[in-house]
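Listed after this line are the structures, all set down as structure tokens.
After this come two complexes, each holding chain A, first together with chain B and then together with chain C.
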Partner chain A sequence: MALLEVRNLKTYFYTRYGISRAVDDISFDIQKGETVGIVGESGSGKSVSCYSLLRLIAVPPGRIESGRAIFNGTDLLSCAQRELRKIRGNAISMVFQDSMSSLNPYLTIGLQLTEHLLLHKGISKFEAREKAISSLLEVGIQDPESRINQYPHQLSGGMRQRVMIAMALITGPLLLIADEPTTALDVTIQAQIIDLINDLKKKKDMSVIFITHDLGVIAGISDHVLVMYGGKIMESGETRDVYYKPIHPYTSALLKSIPSVEQKDKELYVIPGHPPEGFEDIKGCVFASRCEYVQDKCMVTIPELMEVSNRHYSSCLRIQEGALLDVLKEGDS
Partner chain B sequence: MKLSDINAIEIEKGTSLWSNSWYRLKQNRLAMIGLFILLIMVIISLFTPRIAPYSYEVQDLNLGATPPSAEHWLGTDIFGRDMLTRIMYGGRVSLAVGFLATAVSLIIGVTWGSVSGFSGGRVDSVMMRIVDILYALPFIIFVILLMVVFGRNLFLLFMAIGAVEWLTMARIIRGQVLSIREKEYIDSAIMTGIPKSRIISRHILPNAIGPIIVYTTLTIPNVILLESFLSFLGLGIQPPMCSWGLLINYGVETMEEYPWLLIFPGVVLSITLFSLNFLGDGLRDALDPKSTRR
Partner chain C sequence: MDEPLLDINNLKVYYPIFKGSLFKREKVNIKAVDGIDLKIRQGEVIGLVGESGCGKTTVARAIMCLTKLNSGSVILEGEDLCKLNSKELKRKRPEFQMIFQDPFASLNPRMTVFKILSEPLLYHKLAGKTELTGILSNLLKEVGLSPRDMGKYPHEFSGGQLQRIAIARALSLQPKLIIADEPVSALDVSIRSQILNLLIRLIRDRSLTMLFISHDLSVIRHISDRVAVMYLGRIVESGSNERIYSHPAHPYTHALLSAVPVPDPDKEKSRKRIILKGEPPSPINPPSMCTFHPRCPYVRDKCSTITPEFEPIQEGHMVACHFPLSS
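Up next is the complex of A and B:
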């Protein structure tokens, strides 16, 4: 049985411009000990879907329309607030995007590290302090005894992100949700943080949901990839399969748009058009308007996510018919 | 890691926010002078009945208003009462009103504003409409009502003033909380399963400490003046008891003939308010861990 089973999750935002379908009917599983990467461009619904899982979206304007998210036998979307609070920060932790603003400037590192630990685990302050020191060491922060008395502004960006990770892992969660944890950092620190998450994941045997828009990062860290666009899952499968044998025109186009060192003379490929804002009433495939292989039926039929080959799903009608398979593979090579 | 360590070269050895803040406050000379003056004022007020040179109520009509002299350092008022004594007694009332009524308004305003701002949505709308309605209610009628229902006493005066002053405080706090709760560290605190009440008190309010302190130092003089206004209407302190506000009021009436009756209470009130402002500024800087002033 999967650690987390998400079924038909829909999160809509009711704004004055209309209804925005930020997450529109997505389903996926997270296995124990597995890292799942969610990729997509800005506004594709990758963050909102994870925020929805823990009911962190603002209501109103947002609303979780339907769906289930069974985590260890509890439906996160319908359980009582009290139960949810026990899961948050304890069994499921989250690392946020911007390490600069994710630590409270008025509280010391030590206090922020131990507050939820004391709350969830019912241990003494002394034990919590010891644990905070060891968890800071674990994420590679030197001299943790003096660091825990410091305030966030006394730490560098990379160290703050390490503290965030220490904070998320200190309670020994089963699932870590990392929402673009490396976006605000420079490339060298980025690599360190990714290695760190990978190491700790293996050591603690936890599952990770890794949200990013950086395909390179995903390749390095995840076992399984979900490609999201316009609030829907376009393609999902083993990382290797998705990279080398994409079975959705969107994934293929994304992979083509990665700048490459070998082809520096060629003009960079761009996907024409703009991503949908979610207000449009789209009757067919959300990607149809930008797809190079679009046909009339794509505009009128909403495609389902279907298994095309072994554990490799695509929501493209034409792929499901058996067309395009070779074209997409070539486009990538 | 080598590079990032540079950021943290200056490692503070402090342990808690309070000890760090006290250290920073001590470095701020103006704030320390303010604190010192206020402490002296408070001590004098506490011991006034023992150390006052004369009685505040016994009149000496033969003496009348005299300018400062060796016997009466700050002169006497038109009834021949010693001004120094009256200012000392007035300080008891004014400081008590200033601190207590402000404390009342602070407690109600901060609680109301932070709950309203943090809850948002419908709760926020209802709570803020209540504030709007109370704003629209004429203050005097409200106080008179309170006085009529509960009878006149000093404690009620504090409550009445506090009950009016909290409205602005609530609005200011709500505005602050609205902006702070959008910060990622609040999401992150919610995410770790910390209860709402604790998030407000531990994570949000410390971040709003600057505006809270600044507005508090503005409220205290406001409250002291409100008290004199109420006393002037006969709703507050009754003669022969006095307060700084009342003394200034009387002083204004006779300022052409007996200017010292206005000058001395005015100077004392101004010094107090200056001290409060300096202390407030100092506290605001000292309580901010990012503050560079040291």
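Up next is the complex of A and C:
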């Protein structure tokens, strides 16, 4: 059985400009010990979908319209707040993108690290402190005994991100949600953090949801990939399948449009137009207006995510009827 | 070899900061740029790459005369830009223009596109009011926008379109040199390729000379003819694009290249990464001699006692390292 089962999740935002369908009917599973990468451009709904799971959406303007998210037998979306609070930061924890604004500048690292423990595990302050020190050591922070008394501004960006990871892992979660944890960091530091998350994941046998816009990062870290666009899942499957045999025009176009350090002088593929802002009332496929293989039916029928080959899903109507498969493969090679 | 269009010699920019208490203040210098030499030839695109805080943007600001230099010279076509007075600088300005990173911040939200684009032309008296509309519609078409967009305000555009407007503004004065400071970093993946292709087309069509600054090695790889790698205010390696990416000689360049994630699962999993220990040290108190030695995986005694010279190891390939990696 899957560790987390998300079904038909819809999160809408009611703003004065209209209804924004940030997450529009998505379903996915997270298996135990698996790393799932969610990739998409800004506004594609990748963060909102994970925030919705922990009900971290501001209500209003946001509202979780429908859906279920079964985690260890509890529906995260409908359970009581009290029950949810026991799970949040305990069995499911999160690492955010911007460590400077997610750490409290007034409190020492130590206080922020032990807060979860005191709340969830009911241990003494002394024990919590010992545990905080060992967790800092685990994420590769030198001299944790003195670091623990420091404030966030005294640490560098990479170090603060390590503290965030230590904080998320201190309660021994089953699922870690990492929302663009390396986006604000330099490449050499990014490599360190990715390595760290990979190591800890193996050691603790937890599942990880890794959200990013960087297809390169996902390629190295995840077992399974979800490609999101306009609040919907375009394609999902094993990482190798998605990269080498994309079965959605968006994934294939995205892969062709990124510059690589490995080759030069290849004209970049360009996806015309720009991503939807979420307020448009789109009747058919959200990608149809930018798709080079668009047909009339794409404009009027909302496609469902369907299994095309083994554990490899696509929400493209033309793929589902058996067309395009060869075209997309050729385009990639 | 012909005269370079832009010749930067021993450029140093220090920012003073004050440490200590109110009564016992001590002036300390942040050595943002600490002795840089760079020559850009006519029609060449140079990629300047480095991590945050290494001084890339300060180099751009120094060339644009937006910051004071502590020493050095920036010579554009035989004239030292730093020695010009404000009147002379105004005359010279149309020849070098800049594209900034964040188009949301670099375009005035209260001006229409027409106003934004016409301002530089009118200020430098390069166009009369009657011909403006014609010039601007051609310019907008060239960057892939419609002349109908002229009456709109910046908030009506997406990030990619705004960056197109910023590019049009930089091009409007027909500059010889363009300084592009992270022009695609704020954009989404699918938009980034649009803007990169546009820049490459403009470079080709208008035979532009460009200093392209970015932290993203894959973008630099794509657009530039030559590459210069910066670390802590100094250039540690420079050479042709092919050379740097296939045979990096400085350990820092090597580590940087190995850290870039590649969108290919098999290569990612099999690849050997050089993970650098620690983080870039503070430019307030940089390590002595070779500034990279505390993090260098191949460090030897000599590195902390003698400053490595920035020397050619091959035609056009310069490295500041005592023990450059052989390929």
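Simple rule for what comes next: the second predicted complex is superposed on the first by the 330 of 333 C-alpha atoms of A that agree within 3 Å, B and C clash if a C-alpha of one lies under 4 Å from a C-alpha of the other, contacts with A are read in each partner's own complex, and residues count from 1 in each chain.
To be clear about the criterion, a residue touches a chain if its C-beta (ideal position, glycine included) is under 8 Å from a C-beta of that chain, and two chains touch if they have at least 3 such contacts.
Here the structure is a predicted model, which is why all the values come from computation and not from measurement.
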Contacts of A:Ala191 with chain B and chain C, given as first, second, both or neither: second
Touched partner set for A:Ser124, first chain B, second chain C, both or neither: neither
Which superposed partner A:Asn310 touches (first chain B, second chain C, both, neither): neither
Which superposed partner A:Met159 touches (first chain B, second chain C, both, neither): both
First (chain B), second (chain C), both or neither touched by A:Ser260: second
Chain B versus chain C as contact partner of A:Tyr243, first or second or both or neither: second
Chain C-contacting residues of chain A that also contact chain B: 156-159, 189
Touching residues on chain A, where the partner in the complex is chain C: 41-42, 156-159, 186-192, 194-195, 213-220, 239-240, 243-244, 253-255, 257-262, 264, 267-272, 274-275
Chain B partner contacts - residues on chain A that touch it in the complex: 54, 56, 58-60, 84-90, 93-94, 96-98, 101-108, 115-116, 119-120, 140, 142, 146-147, 149-151, 153-159, 164, 167, 189
Residue numbers on chain B that touch chain A, as the complex places them: 1, 3-8, 10-15, 17, 120-121, 183-195, 202-203, 206-207, 209, 289-290
Interfacial residue positions of chain C with respect to chain A in the complex: 51-52, 158, 160-161, 188-194, 196-197, 215, 217-219, 221-222, 241-242, 245, 255-269, 273, 275-276, 279-280
